[in-house]
Amino acid sequence: MSTAAKSKSTDHPLERLVFFSDAVFAIAITLLVIEIEIPHLQRGDQAEALKALLHLAPSFFGFVLSFLVVGRFWIGHHNAFTLIDHYDGRLAWPNLLMLMSIALMPFATAFMSANLGQFIPTLFYNLTLLFTALLSRWVIVTATSPALIRKDADPETIRLLRSRGLGVILGVMTTVAFTFANAQFSQIALITIPLWQRLLNKGKVQPASIA
Amino acid sequence: MSTAAKSKSTDHPLERLVFFSDAVFAIAITLLVIEIEIPHLQRGDQAEALKALLHLAPSFFGFVLSFLVVGRFWIGHHNAFTLIDHYDGRLAWPNLLMLMSIALMPFATAFMSANLGQFIPTLFYNLTLLFTALLSRWVIVTATSPALIRKDADPETIRLLRSRGLGVILGVMTTVAFTFANAQFSQIALITIPLWQRLLNKGKVQPASIA
Amino acid sequence: MSTAAKSKSTDHPLERLVFFSDAVFAIAITLLVIEIEIPHLQRGDQAEALKALLHLAPSFFGFVLSFLVVGRFWIGHHNAFTLIDHYDGRLAWPNLLMLMSIALMPFATAFMSANLGQFIPTLFYNLTLLFTALLSRWVIVTATSPALIRKDADPETIRLLRSRGLGVILGVMTTVAFTFANAQFSQIALITIPLWQRLLNKGKVQPASIA
Amino acid sequence: MSTAAKSKSTDHPLERLVFFSDAVFAIAITLLVIEIEIPHLQRGDQAEALKALLHLAPSFFGFVLSFLVVGRFWIGHHNAFTLIDHYDGRLAWPNLLMLMSIALMPFATAFMSANLGQFIPTLFYNLTLLFTALLSRWVIVTATSPALIRKDADPETIRLLRSRGLGVILGVMTTVAFTFANAQFSQIALITIPLWQRLLNKGKVQPASIA
């Protein structure tokens, strides 16, 4: 592309990449629900209905957990792309691979929920999270690299976003490690994510505009 | 983010949040239809076909009701976000939780339609509406808070949007209460929403630009 | 909304409405495919595979027909909204009802395809088209009404878009009428749409920029 | 449309076409996953879980292959549309037909994965790729035609994008030909795509801004 063309429509290709990514995030997050089976009650009394809902508890757990996880990855993507100055071809593949990992989430969620507490399905889910975390940080690091980022971007914000991505990786790694000790409760270890993040940001100020 | 950066791209992160929300609304509203089972007719005569369609009446009822409900929540979201001046991290989580509630709608709809008139499925649906209404108003109140709203926003419009959100909550609460008296016809109570809204806006003028 | 606020962000609410509509169109058009059943071959020889594909011919017919139909409605929507000057609350409900009709298309398509050539399923499909055509023209007429349209919009273009919408209605009405004579081949009557449109535009010039 | 109107909102209709296309790409790419069956384990031991995952290997293969394929077509679309100056009605139909081919991908993928290595399902998949490649190049050629392209577009970039589209067609044709020799491993021939592209671009410089 000539320089003239480039300066004229700097952010259109970027907007499209962002848009496409948002759409994949939104579809993956909304598809989570269709893996929850619809109970068709036979007798129709309240005991049967409550039992059916109770039976779906693992599915609801998976739905809520994955909604928050995918939502959090979306917020991270959102924060990083706000700082990009212009589109660059280097973004395309890391972003596409990260989206592939996000698109796998409805399957990983349903597989785990259908076999809740079992080792392999839980490990599969946690490893999907780990892949997503690694690819997501790759995208964040690419997006905030000197060649792409806006000249006026606050270095403190860049550092924060990168260290946050690292915190997610460390927290998910902790979760994967816990799976080998106790698959059933391993995802409790996801609460170490903010702890890792706090550790990495010890003594630093958080910019107000970041969620 | 530095002030310079912020002033340069004020509404891009906001646009993305709006975009992501719109996509989730649109997917949830369109997924409603895939919960309607496709009749495969055996004999192929008209009596069988009409009977099959009649058998789907609860599904059509659920589809239309939820389409209008989700559509109405979208319009409310749309009206509130029109008044926001700039993106703020405080919007991210209330909005994400509200979207989770919207994303649950296809399940709640199918569960109610598959067991139409039964107490627990109907209560489940009506409580999903209540959660959505509460979270939706949280989003509206955040969006129209002094820190986020445009300086030139009409105070009368702000008041109207907030009181409307309250009217939805009161109407859905009435519906939930009615479920305990008569689950089968409880959703008729949703028509109290405009009544509550009118009550809350008694003697006030409605701005023309709001749907 | 105050006039100042309105003039500042004139087209943002409009963009969102357009965006939301595009998303529903896109999801409905892409969901068409998931109603096509995946053949799981037993023996695995070519005769079985070809037979399975042949068995899916009605589903492919429904997929292609509905893709073109929904695509055409999207183009009509696209053409009309290009001429709108600013968002107006009057657009919200006609547009939402039209989208409900579009969202019903995957069901109507699968119902017809699963029972191809039968009277009731075909009539159901053709009536869904009729509803969509009527609601779509309502949207087009609202969008091109004096209160909403751009001051510099070409009157000839407005007339063309409106008469096209009428041509679609007449063509679909013809199709509905044909269903009573011969359900199986009734959709051939959809080719009367361009004929009706030509009839309504006899002796008029078509603006080049319209698809 | 009058010239005045046209110059005022040049790129809005274009944005909408791009947006609609992105949404269809995003939905098709994310729907790929829902064709992967969720294993419900009976005994719950690790041997059963690993066997179930192994049994899904063809589905994962199909998911990854199609994700990369659709992603690559999206990148090509993205690159071509960056160069367009203004919307033109001629874009609507080629683009819509190309999207129909993309929307068929989840079916073609599931059909191939469910019957992996069989001749007809593999041929069906490879022919779907071929159709997509042909329609995609039609879109790229239309988008980069003198009537639509930006005046300042770099001729070298145009040539590159067009020759790349040709390379995809040749590579997919090679794959289709290989299907007749060995269906099971035919898709390995997709790696000839970059070879064809390199051959077509021998001795030419690639612009840096293209992915």
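Lettered A, B, C and D in written order, each chain numbered from 1.
Just so it is clear, a residue touches a chain if its C-beta (ideal position, glycine included) is under 8 Å from a C-beta of that chain, and two chains touch if they have at least 3 such contacts.
Just so you know, these numbers come straight off a predicted model, no measurement behind them.
Visitor: Provide the labels of all chains in contact with subunit B and in contact with subunit D.
Guide: Touches both subunit B and subunit D: A, C.
Visitor: Tell me, please, which chain's centre (mean of its C-alpha atoms) is farthest from the centre of subunit C?
Guide: It is A whose centre lies farthest from that of subunit C.
Visitor: Check the residue numbers that subunit B and subunit C use where they touch, and answer same if over half are used by both copies, otherwise different.
Guide: The interface is built from different residue numbers on each side, given that under half of them are used by both copies.
Visitor: Where the CA atoms of subunit C average out and where those of subunit D average out, how many Å apart are those spots?
Guide: 25
Visitor: How big is the gap, in whole Å, between where the Cα atoms of subunit A centre and where those of subunit C centre?
Guide: 35
Visitor: If a residue has to touch 2 or more other chains to count, which residues of subunit D qualify?
Guide: 19, 23, 27, 31, 34
Visitor: Mind listing the subunit A positions that touch subunit D in their complex?
Guide: 1-2, 4-6, 8-9, 12-13, 16-17, 19-20, 23-24, 27-28, 31, 34-35, 87-93, 96, 99-100, 103-104, 106-107, 110-111, 114-115, 118-121, 124
Visitor: Please output the residues of subunit D touching subunit A within their complex, sorted ascending.
Guide: Touch list, subunit D to subunit A: 18-19, 22-23, 25-27, 29-34, 36, 38-41, 44, 46, 49-50, 53, 63-64, 67-68, 71, 74-75, 78, 81-83, 150, 152-154, 157, 207-211.
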